[in-house]
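Chain nomenclature is as follows: A, B, C and D, assigned in order of appearance, with residue numbering initiated at 1 for each chain independently.
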Amino acid sequence: MVTRWKLQVRGLLWMTRLPIVCVCRVFLIPQVLAKSVRYVYIVRPMSYTVIGKPLRHLEGRAKVTGKAIFTADVALPGMIWGKALRSPLPHAQIVSVDTREAEQMSGVLAVLTAQDLPDVLTGRVVYDTPVLARDRVRFIGEKVAVVAAEDPDIAESALSLIEVEYEELPAVFDPKEAMKAHAPLLHPDYKSYLHAPEKFFSDIPNVHSHVTWEVGNLEEGFAQADRVFDHTFTTHSQHQGFIEPHASVVSVDSDGRAHLWITNKMPVRAQKLLADAVGIPQEQVVVHPVFIGGDFGGKGSLMDSPLCYHLSKRTGRPVKMVMTYTEELMAGNPRHPATISLRTGVTQDGQVVARQAKVVFGSGAYAGFKPVPFVNIPGANQAAGVYGTPHVRIDAYSVYTNCVPGGHVRAPGDLQVNFAVESSMELIAEALGDDLLEFRKRNLLKDGDLLPDGHRLEHVRVDETLEAAIESSNWGKPKTGPHVGRGISASYRHIGTGEANGQISLEPDGTVKVITPVPDTGTGAHTVFQQVVAETWPLPIQKVRVEAKPELFETDSGAGGSRVTYVVGQLFKEMTEELKESVSHVVAEALDCQVGDVVFEDGQYTAKGVERSMTLAQVAKFGLGKTELSIRKTQVNRDKPQVTTFTAQVIEVEVDPDTGQVQILDLVTAHDVGTIINPIGHQGQIDGGVIQGIGFAMIEEVAMEDGQVSTLHLGDYKLPNIKDIPPLKTVLVQEEIGPAPFHSKAIGESSITPVVGAIANAVYDAVGVRIYDLPITAEKIYWALKGQNANVE
Amino acid sequence: MNFCQTCSIFSSRRKVWDFLMDMKNVGLCLPGVEDMEKMDEDTYQGVYKIRVGPIALKFQGTLHFEIRDQEQWHVGMRVEAKDRRLGGGVRARLDVDLVEQGPDKTEMKVNLESHVLGKLGEFGQPVMRKKTDFVLQEFARRVSETLGSDGGDEDL
Amino acid sequence: MSSNKEIMQTIQLRVNGDEHSIEVPPRRLLIDCLRYDLGLTGTKEGCSVGVCGACTVLMDGQLISSCLALAVFANGRDIVTIEGVARGEQLRKIQNSFMDNGGFQCGICTPGMVISAKALLDENPNPSEDEIKEWMMGNLCRCTGYYQIIKSIQEGTAELADA
Amino acid sequence: MHNFVYREPETLEEVLALLSELGEDAKIIAGGTALIIMLKQRLLMPSHIISLRKLQDADGIDFSEETFQLGTLTTHRAIETSPLVREQIPVLSETYAQVATLRVRNMATVGGSLAHADPNQDPPVTLMALDARVRLASIDGSREVPLDQFFTDYYETVMRPDEVVTRVLIPVPVLQGGAYVKFLPRTSEDYATVGVAATVSIDPKSGECQDCRIVLGGVGPIPLRDQGGEALLKGQKLTTELLREVGDSAERLTDPVSDSRGSAEYKRAMAAIFVSRAVSQAWERALS
């Protein structure tokens, strides 16, 4: 029933240098799917004309020639610059702010404090963040005042003339301390904040969201267990590391409309948020599309744009604010540090039967950067990993502290929790005397299993994915040195849901124009839309144009959550079919024939028994003014697909026992994929995620001491460079099954997650050092080795 | 940032106490402190200069006695100073404990908790830490030297 | 610190073949001069401390960080920015190669990457993987993980592509 | 950045006259890679900036019988790629090649890097191990300072405000074998957690060390020369035990700060490891 072949893509597809192994498994009978599966998967061999082709990203020319306009590039006549004064204290009462001297400075056009602004809070979901601190500051880097001046140097100079008197308050930096009975309360009024989710309130001090995911019955599970293991892990904070810092430009025109250019991947949402933050109707905000210089989950907030608005309103000039990278590292929205405690019940024969997880996230001073309705970190629900566990309870606490507020970073929560799960799996296997791989395989998720959030999975491909990673790696083979080790890790990543909007029209020049509110943050999303539309019709790719016009839409989920190809791609596929149908009607009218007889062939419309044919341009001309040639649609997709995506990695390292330094010798990343729409973008997501994962695991840390970030520029906060990348082997376990158009799946947040666990496990295999606290630095390994030598371990 | 310094002074605890109660003396023992001026019984105002390579920092601020507990032989001081040009400052808490080791020998324990704020705190923290450590060592050394010492313990 | 008494300096610079005479205060950075005085916003500012490479330009044929150079440094010099890499509509092969091989995603580092890569290929038309890494290690990219950038450079040349 | 007056004299005399006139109000700029960051951060706000960039004949690499000379404006990249340096003092080109990134090396100058006196830099470490001297000029004349007496503290040197570095001189022939080993536990273009330069000459007959120099960077306020370790090596054959002793000697000398590149304790331990690595590499090269 199942044909299986292995095919070396080297030279066959576009990739020639990177070794990619493609394992295809095609089910020939569509009816294999269980009834519970919502999506009908039609499996067929790749026979597309544009789908699957390594097409250039359509905005490429603008990007390689420097013509692509990003927010900081926007130049408007009369534009001035804003700079913010930030709090030097982690927690203090603002006694007074004296701006007089700054206002006097030549070239300064306005100085604003909270007293000059409406008393309004903002945030991506919960509105808990002041635009400027009003009576209290809650972290080092919080904005207290803002200056607008003719140039940024003058604005910067004026900041040092503002006198702020503070009265220091007791501060709390560690979430565990913040949860104690007498800890200082950061937001005593949390429950009254707009959009604060009541369902997740907690009575524990400073906990602003407590989410529980539960399947089975934990007590029962532990009763079945022969052995119970407790492990606790801690993880650190990572900055998204986009090269473009946050920027905003606002120009308030004479009609009071605010024109907004912003580094935001959800521009329609930004329009609504800005309107709320400054107290104007949403239609008074016009969002202009700009390129976004890297998102990785971090660019969904308003950041400085409300300040730009107020300064523009005050001065009558367009105002630009661009954060310095120092401001990014001090007051961006980095990955949440976490403490993950796992209690695992296992039977004598090595079955994981129960898992209790407590995940505590340091939320920082505000929760306003969190974009999910429950205002917590979604990845916490992966605390059972890729292992089918019948009885699970996960409690995730998001806790206010006097630290920089956390935000979403690619696979938010997934990395933190997966590191804990994959480390603990090995600890348990070792304690049981079980084989690391066999123990995992015995417990892997299967079709019909429930995830901790109650979601039932179908078409689970984790076994094949893990097997593919193992086969392509050196697992089980002799090692090349005494301090070489290998580690396994596996993860899953859901395919996101949300609201999609679009407009599609046949243009007079015979092209099909696609308008989307979603910006292409670099993932190639617009090219994916182009391919989906072109394939659906089918049209040559050049006949489809894609434009981002967020200003045409009132609501939209924007980019993020591994959702775009699925929800937006699906929408455009349906809209293309609708438009095609409309076109057929127009053609039928033009050719005076039955709609059913209309034929589209070789780029021309004709009909059975009709001599004449029409080009698309002729159809468009004929149909000029017909509303049906332009379709607009909104579609809310809340159905989380029952197919998910799996990743398995095997990483081989060598540890220098004298220094603790880790070198990655080999990295195999195996992915369970559907149809690949554009291999260029697809592989790019895998590559970028892996390297970002290595950064998280070993290199990057937003280091803090008493709430003060000490890594405040890219000389101290290091990002991996081109010389730091290891040999990478990608394995694609392909099956044309996926909920997104043409049976595709999500890829953007897949490859980053397992990296850290695999490295941690490899380090243990190499030198016997088990890392419980991230990042995995040479220094930690060194001291652990020292301790070992002294028989401390 | 936390710093500790302990030294033995060949002088009675009473004498060391009296010495420390005169802020002028304290100022003289802190390298970089200038123009110490008494504002009221517990508060002094002064200038503190420190150099890190080409960077010259000039802090203006106050030193305030918060605790003068002769029963416990404990002094607690709060220091707040700003460098306006750079837009940064220092906040510190200095605690001194005196332990009698003999009729003419006193152990002085100095504990400093200091925070470098604003622009100053943003860069060069490691070197600032080193410099602060030096200032504290120097303080202990000068107090011992002025009142008599056995050379001090190099106990950090 | 106030701007009104500021002494301005007139500098002559040649940018992408065009001669400019501009009045700038000495504090003006080359990157700001290019981006704001000349409107050449292809040169990007990332880290502002010379690490990320988004602001890379060529000065007299040498790669530099324009965020670490004063505009007055460029007085009498020849500057090439990303806008000067193509000739009009005619791209260099390296630019096409970045598009064909996925050498960019978000595009913010791309101008610096392309300039650096072009300078490498001018000097060494067939660089090895190690030579590419050694040369390009000052240009950070967060999106691609660099693998497709290496491929783009291996398959590109500094020559002009067919129009 | 703040406002300042920018001067760009074309002769050394003019530079020195300006320095003498302006004193601490002026700062010298050469490549600018360090100074501009400090200006941006407003850690420095001099009223005048005097550029050496228009100075005639201030760059270049010269080789005579007694000395190897580097002009103050010679860029790191020029030294890295000079065939003369590669042939005569390979460890020097290797060291400059390891500084940060290509762009920094294209701008940063020999004199600027020494005057900046950042203890985390690579070149001063190797230059010190090569017994280099710095020539300083002021309106009162010029003087030469051995590099191991040049640095005084973090970012501080013996230079007076009216002085400028004009040349770096390396006595030749240099010791037979040289190595610079840089420990980079994070990324490859980072500052070193510890950087060690070692130069060694070996008596071909006895196989014993005739002369050597060991210098450490990044683990103290200035580059640290370990004369104790040198004394241990001299007249000895290389053994694992000796390497360990030399490493221990260096470790005792260090006084690092804790930062994002490692804790002080870790840096001290690594100093020992990398001293022994540098010495054994230099030794190997001296033999070949």
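Before moving on, here are some points about what is shown:
As a working rule, contacts are C-beta pairs under 8 Å (C-beta built on N, C-alpha and C of every residue); 3 or more make two chains touch, one makes a residue touch a chain.
Just so we're clear, the structure is a prediction, and the values are computed from it rather than from any experiment.
By count of C-beta pairs in contact, A-C exceeds the other of the chain pairs A-C and C-D.
Averaging C-alpha coordinates per chain places the centre of chain C 29 Å away from that of chain D. The centroid of the Cα atoms in chain B and the matching centroid in chain C are 50 Å apart.
Chain A and chain B, compared by their mean Cα positions, are separated by 49 Å. Multi-chain contact residues of chain D, defined as those touching 2 or more other chains: 1-2, 42, 188-189, 259.
Each of residues 85-87, 122-123, 125 in chain B touches at least two other chains.
Residues of chain A in contact with at least two other chains: 153, 157, 160, 326, 710, 713, 715, 719, 721, 723. Pairs of chains meeting the touch criterion: A-B, A-C, A-D, B-D, C-D.
By the touch criterion given at the top, residues 1-2, 42, 183, 185-191, 259-260, 262-263, 266, 269-270, 273 of chain D touch chain A in their complex. If you check the complex, the residues on chain A that touch chain C are 14, 16-18, 54, 56-57, 59-70, 72-73, 75, 105-107, 150-151, 153-154, 157, 240-245, 291-296, 322, 324-326, 521-524, 680-681, 683-684, 686-692, 713-715, 719, 721-723, 725, 728.
Chain A contributes residues 88-89, 140, 159-160, 168, 326, 330, 705-706, 708, 710, 712-713 to its touches with chain B in the complex. For chain D in complex with chain B, the touching residues are 27, 38, 41-45, 117, 153-156, 221, 257-259.
Of all the residues in chain B, the ones that touch chain D in their complex are 51-55, 85-87, 119, 122-127, 129-130.
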